[in-house]
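Next up: some structures, all given as structure tokens.
You will see chain A twice below: alongside chain B first, and alongside chain C after that.
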Partner chain A sequence: MALDVKTFVLDNGAYTEKCGYSTQAEPRIIPNCITKAKSERRRPFIGDQIDDCKDISGLFYILPFQKGYLVNWEVEKQVWDYTFGQDVFNIDFGETCLIVTEPYFNFTSIQENMTEILFEEYQFHSLLRINAGTLSAHRYHKENPNELCCLVVESGYSFTHIVPYIKGKKLKNAIRRINVGGKALTNHLKDIISYRQLHVMDETYVMNQVKEDVCYVSTQFDHDMSVARKKGKDNTIIRDYVLPDYTVIKRGYVRPLEETTGKPKDNEQIIRMNNERFMVPELLFHPSDIGVQEMGIPEAIVHSIQATPEEVQPHLYKNILLTGGNACFPFFKTRVYSDVRAFAPELYDVSVTLPENPVTFAWHGGSLLSENEEAPKMIVSKKMYEENGMNLCLEKFDV
Partner chain B sequence: MGDKRESSRVKEVNQQRVLDKAARKRRQRKALDALEQDNFHDDPHANLVMHKKAPKFEETLESKKRNRRLKSEPFKQRFRKNFTVLLEEEQLNSSDPPNYLSACVPPSKFPEHHFCSVCGFPSNYTCIPCGARYCCVKCLGTHRDTRCLKWTA
Partner chain C sequence: MGKKKRSNISSVDKQGLGVDKQIVSSEPGGQDCEQDSASGEKTPVFKDPNYLAGKSNGKKPRVWKSLKQIIAIERATYLQNVVTYSSLDAAPSRKPLKKYSDISGLPGIYTDPQTKLRYFNAEEFTRIRMLSPDLVNGYLTLRKANIP
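Right after this comes the complex of A and B.
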């Protein structure tokens, strides 16, 4: 038996919220922030309203999340008001069950606030608070019914989590967190480009696009390094990136290798991306490069698996699942595989899965979960909340 | 006469200030905190001045503001705590692992890579005063002129 009311799935990320009714084919992705533009002084933009803005240079961000945890409810409420309201989904709260995601080890006070706001401010019919990784694992098991274990690597905006799941249940003592995420990468890129070439500290939005357009994970680090040192035609890594000026060029773009000269044409402004292209994502694999004394992703995977019972270890190595925005970097999967292969005991098979869209994978897991027969047992309805209070929610939702 | 003949290079080295461990750590922490920042510039709407000739409805505006503030006061107090405060609270309430702090990965077992703080290529040398890495004389020059011992915390 599935749920008897409509289900709305909200994967509430620190950078974007992936949201939509469980019956939709794809979620809508809305930036989870309020932004202010220099060119548009009359109003701040909530979520994806920023798409209406023509000149987004020097965009100012107000984010509800801090280090991956929801702290600024005033901002979050405005974004939710917009998302749930008539501009976007026009939700009938009394007839809707909400599945919302939370980070691992979410603080009790944040859980309480969230429950209270969703039930008392918005008056949802029922609620399920859950980790995004649990949804990913759910979908992975649906797609691979023969596998009982799964190791979710969730590399998002604020941090990267590595979580082993056995039969859909997370092993809490083996959860590992690396405090490096997409935000640190973008800020680091801004930092080095501003120091070496052009002041771009104010251009988070543009530099994030640069990162997404030209950065990749190196699979032969030393080789790439030596190629990047070369001059002229021998350097096959260097690229010119044409920055947007928001009059003629609406969005920045990479110039193909053949046209890379290092000289701007006409009135363009360019930045040269050389070793920056792979040095920035490299932070995920060697956080110590910027002085974060933590393991990289492959080492942390092994570290996490070693904390699990020995009999499940081979199954975890065989079912590594990559999700989150950083998994979109080219060659991310290849690199994770080759490094884990090198670190893992040789008698275990290693297999890494990269979904087609690692960003929305968890959301789809949520929409699958709503059709599951277990779902009605997992949710808390508003009625139950009113009768039993907050403690029921804290007990039932194990995040 | 004797001490006047001493080479200027030696003199310069002696005058150089060398940062101690604590100061280097402080600088590093500062750099890491910067990676967490949302914005590096000020709110572009912070000092908006409406048109001079625009009519000012001060009284009405103010009373409106006051009303709103009164309403949202308890909301603000309860729901606006920053990350550090929340983490402290959480540690007080339930301190047995696994929790947020215990989930963090330990330092890597592998040695650190060293990259030139100027050009990003592998580096073999360390700047004596501040401990930053550099790869060649040219980069050292740039480093000294721009970042070394400047903006020290």
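Right after this comes the complex of A and C.
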């Protein structure tokens, strides 16, 4: 290993933390929030302690992130205490290097707070603050050594970033952000179901599961809309989703097409997912559906590439990498490819890559980075921080 | 020493660094040491091996800024170093001031020691010597050089 201390990689997302030592095969995914359940009022659940709770209806979230930026340090410190403490990883701070991810163009005050907390309170041996997309680009380059550039589409909980990486460095003036992420999709789904069928505005956890189980990206939007309008057997899109009641049914599930009748079996609550199945992920492609006056992902990809120097553009079109939770929707890759192909000039080849696990791709990039020979030059050790102060970290970490 | 620090982390209150400075400044100089209970001698706070920098509890907890406050501050501080049409902060120039004649406005190369008026040539000098004192004061006041 290039670094002579153990490395802990923490992909600090707004929804989940992907965390683990760099030697582990897979990271542990812990929700990055404190939740309170109606059934156990006295105990707040930190991170994945929520798995201990039996009845998670009406789950109340306390999120440390606001609009994708870490502002609530009280909550985040509790989650980090839990993650770094005896229950989960039991880290030996003085002997560990931490690689932690931050959003793009993070505020100076937030960067300073994070550095201060990690060095002064947790007292890590050394630190590297980096963008998650840089880790993804690093891993992509390791897997495809011939490709010098890649365009990372990081579609997460709070927003989506389109970032071109040229020879491992991001091009700042070509970065594009779309303020639509998993949170917006879940909220939109709660909104329309509450309007059309059943009041689920308090059930964020359950609706998130519904979204992950049932929603997909439509490749032919108008055709799917007309199919969804049909009745009876002709409508192949509609599904019944059985909601959990935490006594008999512990987790909601989809009923396959053959058994979908629209009538609940005894003592069940169902919601009928018809055009919501593809309308919700459609927000990523048309944010104007909820009034967000921004481009969708394919248009932003083309816009971003057009802001790069001309000689790099064909390389970027050939190496579009989809990461982040929203890339897990079925048919996401096909839809992005067809839309970008429609926008892009004919002489460029377009090629879109979707890793097997888009959520943990950046984390694996982090664990690969810790083995890189360049890694010791990128990190800031506690001694260097104590001698040079905060400015060293602000200048060195290119966030 | 390492173990002691780690065990206090989970119980630490949300203090941060600012409190550290408060302790030093609030105590008067004579009490700037901790009493070593065992030996009874006074050791300075910073020489105590068990001293934990920035880890004192009991004061009010540190307040973190919300996103709106952070955005407002960034907007204000971003424009401080940038020169725009509405802001041009420059230090006063250190070049010697250009002097102009009080009578004509041509470059005032010479100064009359008696009246302290500036003039360009001998003709102006004769004029100056013919002026009454209140006129002289008037010219000086115009230049804001009228020190009584």
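Note that the second predicted complex is superposed on the first by the 398 of 399 C-alpha atoms of A that agree within 3 Å, B and C clash if a C-alpha of one lies under 4 Å from a C-alpha of the other, contacts with A are read in each partner's own complex, and residues count from 1 in each chain.
In this section, a residue touches a chain if its C-beta (ideal position, glycine included) is under 8 Å from a C-beta of that chain, and two chains touch if they have at least 3 such contacts.
Quick caveat, the model's predicted, so the values are computed rather than measured.
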After the overlay on chain A, what do you see for chain B versus chain C, clash or fit? clash
Would you sort A:Met225 into first (chain B), second (chain C), both or neither based on which partner it touches? first
Which superposed partner A:Asn391 touches (first chain B, second chain C, both, neither): neither
Just chain B (first), just chain C (second), both, or neither: which does A:Lys67 touch? both
Applying the touch criterion given at the start, work out whether A:Phe105 contacts chain B, chain C, both or neither, answering first, second, both or neither. first
Examine A:His286 and indicate which partner it touches, taking first as chain B and second as chain C; both and neither are also allowed. first
So in the superposed three-chain picture, is A:Gly296 touching just chain B, just chain C, both, or none of them (first/second/both/neither)? first
Of the two partner chains, chain B (first) and chain C (second), which one does A:Asn146 touch, if any: first, second, both, or neither? neither
Touching partner for A:Phe93 - first (chain B), second (chain C), both, neither: second
Comparison of chain B and chain C by chain A residues contacted: B
Looking at A:Asn275, would you say it contacts chain B, chain C, both, or neither? Reply first, second, both or neither. first
Common interface residues of chain A with chain B and chain C? 66-67, 69, 71-74, 107-110, 113
In the complex of these two chains, what residues of chain A are touching chain C? 66-67, 69, 71-74, 77, 81, 85, 93-94, 107-110, 113, 116-117, 120-123
Listed in rising order, the residues of chain C that touch chain A in the complex are 2, 5-6, 9-10, 12, 14, 16-17, 53-54, 64-67, 70-71, 73-74
Complex contacts: residues of chain A adjacent to chain B: 36-38, 41, 44, 58, 60-63, 66-67, 69, 71-74, 104-105, 107-110, 113, 161, 172-173, 175-179, 183-184, 187-188, 190-192, 195-196, 201-202, 204, 225, 228-229, 274-276, 279, 286-296, 299-300, 303
Listed in rising order, chain B residues that touch chain A in their complex are 28, 31-32, 34-41, 43-45, 48, 72, 75-76, 78-83, 86-87, 89-90, 93-94, 97-100, 103-110, 112-113, 115, 118-122, 146-147
